[in-house]
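I'd like to ask some things about the structure below.
We just call them A, B and C in the order they show up, numbering each chain from 1.
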Amino acid sequence: MEPVIQIGGLCKDYRVGFWGRRVTVLRDLTLAVQAGETFGYLGPNGAGKSTTIKLLLGLIQPTAGDGQVLGFSLGDPVARRHIGFLPENPSFYEYLTGEEFLTYCGRLLGMRRGRLREQTPALLAEVGLDRAARQQIRKYSKGMVQRLGLAQALLGDPKLLILDEPTSGLDPIGRKEVRDLILRQRAAGRTVFFSTHILPDVEMICDRVGILVGGRLVRSGSMRTLLGEELESIEVTATSIPAETLAAVERLALSPPLVQGNHVMVRLPGEAELEIALFILVGAKSRILSVVPQRRSLESIFLEANREAQA
Amino acid sequence: MSGSGRLAVLPPARISLQRLTQAVALAIAGAALAGALVTSRGLQARAVARTETAQPIFFPRAEILRPALLGFTSLAADLTWIRTVQYFGSRIEGQERFPQLYQFVDLATSLDPHFLDAYQYGGLFLVIARQYPNAIAIYEKGIAANPSAWQLPHDLGRLYFLELQDYEKAMHWWEITDRLPGRPHYIPRFLIRLQARLGNVETAMELWQQMLEHSENEAIRDIARREIRKLLGQMQQKPSPGRIR
Amino acid sequence: MRRVLTIAQMAFTETVRDKILYSILVFALAMIGSSTILVTLSVGGEGRIVRNLGLACITLFGLFIAVFIGINLVSREIERRTIFSLLSKPVRRAEFLVGKFLGLGLTLAVNLGIMAAGLMVLAWALEDHWTPRILLAIGFTFLELLILTAFAILFSTFSTPTLSAIYTLLVFVIGRLSADLMEFASQFGGPSLKATVNVLYYLLPNLAQFNLSSAVVNRLPLDPWVLTLTAIYGVLYVAGILSVAIAVFQRRDFR
């Protein structure tokens, strides 16, 4: 199966300032997104995530390299019939109501009147804007604008969703709603490509991840591959530990234990140490409250990638 | 008002500072505006005094003014004409001469050479002001720019006939008028009478005969008969066919 | 095509909801109405002032509408980034520009129509100073304004709103002067001046020929052949400028 998105050797330079200094925003980007997967595009601010997305949509032209979206070359308007796009910090015509705006978008997509009339209220309800449908957009809060953006991205049943910072400006409830929405799209078989710098969102829903730092793709692959199967550490929390037992456990641990009142939490390096620690603790009649294996977090990988890039 | 509740909580010193600033600001405003009013009155009085000593008005040359008007020349001609009418009307009581009347009319007609009323009324005003050479210049300018307009040679002829008693010139311009479309019906009769005035009584007689025979209008034939009788009377009084010069 | 019309309709709706439009319109009608006062000040030429002032107002206020609203149409979209949701749909950039142009053209037509109606009513009420040729003059003014609208759209594809407004007004001034400039250069100019003026004359539109007010007001004969050629010139010029705008817009990056 052909990948939904495929870019190779993509570069983008800008000329800034009075003297037209060349600034390279993207370097030699090569990336592929398969059909049906949810791809998280991560990177610090200014890494070039939005630039990549705009290149995919033909909003800007690449300096070098090329790519394909849904089999069409970058910037081909026909491809956009099957793409739903949510821009970063979206803004829409203030004088229109939410409903009018969606109708306008639908007409530009070439949707038939009947289908548009069905989908519009359904989408507005799905994003929670059904009561604000007849209000002018100028009266919408930031969160409402974001949700309207999602609605217009979903209009016309696109095969590919490209979302630039979809959870920006949303409160935790809003963020959960967006994640749920993306999961629903994934269940419906759509490909979702979204950029963000909020790691938990990616951890929870993505199949594959790409990390962009300074215009270069420094990591990419499935979550499992990136994070590895190995455990980083195991956290054991226990109470009623006699002092000698604690000292013994401490020797096994990675760092000094964390004490909060009665509760003591130790971080052990691996399963071997876990066995020994549990044996000692149970033998000392301590109460074991929890054993939590810690995989490598995305955050640690992200920070590591960032550090490498700075060097 | 949401503010009034909070104000009650503020210490009294703050309240009076706010109120004091307000009061001072209003006082200054009142004084300044009153002063502005007085000054403006003073300026007005001066302006009135100044217009009474007739200041010469600056007249730009039409060729230089024209490009700056960006194509709105016709409108500019209208506005100049309105100004001309005002200029002429404002001084009519004072019985002054109108030193800049010609410049006004010339500018209006330069801005729009097809502005017939400006030539006609402008010429008329100049005649009333007894500026005959200026009037003639205006009419001739108008005729050059509008060769098919009968009104202008008609008025010029009338000027020569009535004011200047120059019957030859009158005849010249009325002959031109006669050939233009739409010219008034009395022009041919004027021309015949002019012939008589100039002493060409026989020519005049012939022309009246023609009119009597060919006109379909009874009233005109009456006029023709009367004129023939008058001329016959004239001819009988002066038996020798002399030229009255 | 359907997309172009959708955009045109939205552009029209957007401008109609713009309050500035109403201020301009009210002001224009007031100025046209003021000619009633001017009529009383004149003797001779009464009918002319109504027609001249009416046509001049229609031209000037139409110009304001074309320039300020025209520039907002494209510049504001880019500035406020509302253009992203548009260009991410299957809309070609050319369709966007043409749609905006048509929408603005419609707005202009409606506004000119209202002003023309006002002028008609006035002229008819004030002792019948109306001639149908006034409509012809207004028609050519409309064409002149369409040319300027195309320029406004061209400039706003690559320049800031303020600069675009200035450039478009410059085009209006030079366009109206170009015939005079040609004459001036041929009489007084050296060869380099003549060459420069020649370039300006052919590059920028000669707008003076769209100004029929003198001929209409003075009831002079109009040559239908000349009028037809002028109309064709206008249409071709509009198409040309819009094409340049489309070409520029194609290569533009939207950051």
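The definition used in the following text is that contacts are C-beta pairs under 8 Å (C-beta built on N, C-alpha and C of every residue); 3 or more make two chains touch, one makes a residue touch a chain.
In this text the structure is predicted, and so the values were computed from the model without any measurement.
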Based on the averaged CA atom positions, which chain is farthest from subunit B? A
Chain with minimal offset from the mean of all protein Cα atoms: C
What's the distance between the Cα centroids of subunit A and subunit C, rounded to whole Å? 49
Expressed in whole Å, how far the mean CA point of subunit B lies from that of subunit C is 34
Suppose each chain is reduced to the average of its Cα coordinates; what separation in Å results between subunit A and subunit B? 82
Interface hub residues of subunit A, defined as touching at least two other chains: none
List the residues on subunit B that touch subunit C in their complex, please. 66-67, 70-75, 78, 81-82, 85-86, 112, 114-118, 120-121
Partner subunit C, residues of subunit A touching it in the complex: 14, 54, 57-61, 77-81, 83, 85, 87, 89-93, 95, 104-105, 107-110, 149, 152
Subunit B touches which residues of subunit C in the complex? 38, 41-45, 48-49, 52-53, 55-56, 59, 172-173, 176-177, 180-181, 184, 207-208, 211, 213-214, 217-218, 220
Report the residues of subunit C in contact with subunit A in the complex, numbered from low to high. 2-3, 6-7, 10, 13-14, 17, 80-82, 84-92, 251, 253-255
